[in-house]
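Next come two complexes built around chain A: one with chain B, the other with chain C.
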Partner chain A sequence: MNVERGKINVTQLFFCVTGFVEGSVLLVNFAVDMTKSQTWMAVLASIAVAIPVIYSYVALATRFPGLNVIQINDIVYGPILGKLISLYYIFFFALTFSFNNRDIGELYKTFIMPDAPMIFFLAAFAVTCAYAVHKGLEPLARVSHIIVAISFTVMLLIFLLLIDIMDFSNFLPLFDVPLISLIHSVHVITAIPFCESIAFLMIFGSLDKTEKAAKYVIWGLISGGFILLNVAVRNTAVLGNTETIWTSPSFESTRLIDIGTVLTRMDLLIGVIQTILIFFKASLLLYALATSVAQILGLKSYLPILLPLTAIEVILSATVYQSPVDHAMTTQNAGIFYSTPLLYFTPAITLLIAVIRKLPKSKRRKRS
Partner chain B sequence: MIYVLTIYTLVAIINLPPLIKNGQKRELFAFIAFFIVAFVLSLLYAMDIEIPSPMEGLKYLIEDFMGLKYPEPK
Partner chain C sequence: MKNTAVKIATILLMITLLFGCLDGRELSELEIVIGIGIDSADDPDSIKLTAQVVNVSQLGLSGSGGDPDSKPYWNAATTGTTIFEAIRQITHKTGNRLFVPHCEVVIYSKDVAKQGLYKHLDFFLRAIEMRLTSFILIAEGKAGEVLDAKPQTEELPAVNIYNLVKSYGFTSHLYDVTLKEFSSRLISEATAPVAPLIKVVQEGENKDVQVMGLAVFKEDKMIDELNMDETRGLLWVINEVKSGVLIVPTPEESGVAVFEIETAKGKVKPEITDDGKIIMHIDIKLQANLSEQTTAEKLARPEIFEKLQDNMSEVVVQEIMSAYEKSAKTGSDIFGFGDMIHKKYNKKWHEQLEEDWEEIYKTIEFDIKVDSKITKTNLLKNPVTQKLGG
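Up next is the complex of A and B:
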């Protein structure tokens, strides 16, 4: 039995995927150390790498309509191995939510309220996400298009306001990045903004028409990727080589907006839009975490465990990294390697086994 | 410390009665288990006792033990 009874449609799914990918827009910075002014190239390459990977998620969900990944693992691998693999998913959801919560804490602590204790931001943000998750998947999906529309407008506006100080010679010389750095950068961008959408394996089961999901998910991924590309291009064109020295190039580039000394300090817009986008992404991750834990424990609803799980996540977020530098350094290696088997191979292998074992069997019986 | 105790008492007061009243034993046990873990972690954090990060363990396993690490960017 699925713990979620609400249904969402494919258009809402498109906006959810776009908003989810956009939620990682700050994390493009992690790739700047490796590819510097060529980060835009890494973003484009990452979209190309992510499309087949994410298609494997949708193909798996389409083969098992109405089921979430925990149920699929039980069917494909059996109750014991299936649950072990499901624990890997849960571990990933738990850590990823804590990273996103930490991102918000660091954002506010570094740029907005440096004197306030970080635990306050972590707790306030996590409880807000828990409130959204408590309302269920449908309300979250219903606001997705508003979030995407606002973020798209703000990103476009910032780009246009910065056009006069952009220097496109900052992108030169082209193709001077070592191959290993480009691979590293693509690995970071593919894993974090794009493949974290593996959390949708807990959501695809709530689609009203799962068979139509592929097209909408891929377009959602491309739309979100376009925003990441816009941010990578904007930061390089505005900041040039100095891009690598800032904690948040997006904040620094937006601070340079000065239209007749009236329109200044627009970095506040970045703070607001980041909060909204990370809220949306973190809520979907918390939803995936709560439903997956409830599903593996065989609960009828995820609501009773939502608040205790959120509290554990707050402490995890507070202790997971020592500092923003530790956050960036760890993410660039251990942070992407630990999830690589899960993000790139596990759904594809599950799908392959399901095809070989001709699963799900009940579907075949109905057809015959 | 006082905040932790207040918040957790409130969470227990809000969540426990409906679970006991409806006889949802499995949900009740799951809630209590996670509640205890969360409460202990919060208490340790409030008392400034160091809680080990799972990323430290993963970092050791992946970077030091398995040697999976990209070269430092130039």
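Up next is the complex of A and C:
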């Protein structure tokens, strides 16, 4: 039985996926250390690599319409192994939400309010996400339209305002960075913005028509990826060779907007947009976490465990890293190891086993 | 019962929102800094930092009414081993921390620049409150004195200096180097950083500041200076000449024709020939007006214009070559030719040129084409002295 009663349609799914991918818009800067002026190439390559992977998620969900991934695991792997694999998913959702929460905490602590203790940002943000999840999936999906509209407008506006200080010769020379760095970078960018949408495996179960989901999800991926490309191109063009020294190149490039002595110090705009986008992404992750825990425990609804889970997440976010330096190091190097088997292989293997075992059985009945 | 619990919980949640006020700084607590000067102190390891703070209550009152001795600014000076230490130590003199988001100029004295700027640059890039668009200048003498020279038409010295640098386009004899531009040149291995020079000029009782010429750095140490013409030579090539005055000899050599530059565009194309010679193809397009002439010749004729245009191109070429020759003496690539070659000939750059770029820079050949056009002669068609002969 589903823990979620609401239904969303495929257009809302498109905007949800776009908003989710855009939530990691500042994470492109992690890749700048490795690929410098060729980050735009890494973003394009990541979009190409992510499309088949995301397609495997959607194919799995389409094969089992109306079910979320915990239920699918139980069917495909059997009760015991299925629950173990579901625990891997839950572990991933829990960690990822704490990383995103920490991201926002660090953004505020470093740039906006340096004197306030970080735990308050983490708690306030997590509670806001919990409130959004408490309302359910449908309000979140409805809000995704306006979030994507606002973020697209603001990102394009910042790009236009920076055009006169862009120097497109900063993209030359074209192939200066060694291939291994490029591959590392592609791996990081594919894993974080794009493949974290594995959380949608909990949401596909609530679609009203699962058959058409693939097209909308892939388009959502591409439009989210377009904004990431926009950020990568803008930062390289504006900052040039100084891109690698800043903690946050996006902040620095927005700070350089200086039009008519009135439009200056617009970096707060990045802070606001990032807050909105990460809020959306984190809410979806918290939703995935709450519903998966509720499903695995056999509860009728995820509402009772929502606040306790949020409290655990706050403590996790507060203790997981010591500083932004730690965060960057772990994301670039260690993060990809614990998440790679889950993101790239688990849904594909689940799909393969389902095909081999000819599941779900109701489909077989339809054929005969 | 439940309602009361919900109300209490809501109130508690609202109280937690007050933690945002921890960062609040009221206007009376702010020491608004508009300019910072760095000098070397008596102790060789220390620096003397001068921060020009706006005295908000005196702003607008100086001169008209009020105490004639009071200035709308005060220069807080401290010493410290590093910049952040010196800035914090200013709280020994005031009760408030400095508020640097409005800092418009950062001035280093020549001594500090010659010893190296790495040590004294990090803070300005790292501090969240600083602006990347502040200008860097190098002062002859003491930076503290430069910040003290009260300008005639502007109340605050630092704002005056900012305006001076910003309007470099009127003569194109200096260049506005922001913190970002300076760090970009510093990070690039081939390009040499530059910064405009400023000095205090004493005329009778008045002390004025004058900004002209550029200081040239090798990595972070100042090694050379460019004068006005050499600076403009640099600006021709990097396409930053906005306006200026060109003094050109007339064909009959009886005086000079003075032109005002209307528009100027510079394009550079690097070329490496098969036998390893580096040739820079520089293409300058220039439009100018005849603003003054000191001879009685009738210059407003097409064939004279041709000759004047040729002479003008000669002057431009001379300026560019003088800038190149000055920089080649020290092997400082002020034009950014190394980066241009890197972008076009990636492999050759890494294999052959990168290591010895300083020496190879001295062997660059030039192919300069200047296309000058005289577009108008303002209100005079013929000079007023035509009957006086000459």
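Simple rule for what comes next: the second predicted complex is superposed on the first by the 366 of 368 C-alpha atoms of A that agree within 3 Å, B and C clash if a C-alpha of one lies under 4 Å from a C-alpha of the other, contacts with A are read in each partner's own complex, and residues count from 1 in each chain.
Here is the rule we use: contacts are C-beta pairs under 8 Å (C-beta built on N, C-alpha and C of every residue); 3 or more make two chains touch, one makes a residue touch a chain.
Here the structure is a predicted model, which is why all the values come from computation and not from measurement.
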Clash or fit (per the criteria above) of chain B with chain C on chain A: fit
Partner chain(s) touched by A:L172 [first = chain B, second = chain C, both, neither]: second
Touching partner for A:R255 - first (chain B), second (chain C), both, neither: second
From chain A, separation angle of chain B and chain C (C-alpha centres, steps of 10 degrees): 110
Chain B versus chain C as contact partner of A:P117, first or second or both or neither: second
First, second, both or neither for A:E138, with chain B first and chain C second: neither
First (chain B), second (chain C), both or neither touched by A:R265: second
Of chain B and chain C, the chain that contacts the larger number of chain A residues: B
Partner chain in contact with A:T242 - chain B first, chain C second, else both or neither: second
Superposition-derived minimum Cα distance between chain C and chain B (Å): 6
Common ground on chain A, meaning residues reached by chain C in one complex and by chain B in the other: none
Chain B-facing residues of chain A, complex: 33-34, 95, 119, 178, 180-181, 184, 187, 294, 297-301, 304-305, 307-309, 311-312, 314-316, 318-322, 330, 332-335, 337-338
Chain A-touching residues of chain C, taken from the complex the two chains share: 13, 16-17, 19-20, 22-23, 101, 125, 128, 131-133, 180, 183-184, 187-188, 342-344, 346, 349
Touch list for chain A against partner chain C, complex: 110-111, 113-117, 120, 123-124, 127, 169, 172-176, 239-242, 245, 252, 255-256, 258, 264-265
Of all residues in chain B, those that touch chain A in their complex: 8, 11, 14-15, 19, 24, 26-28, 30-31, 34-35, 37-39, 41-42, 45, 51-55, 58-59, 61-63, 68-71, 73-74
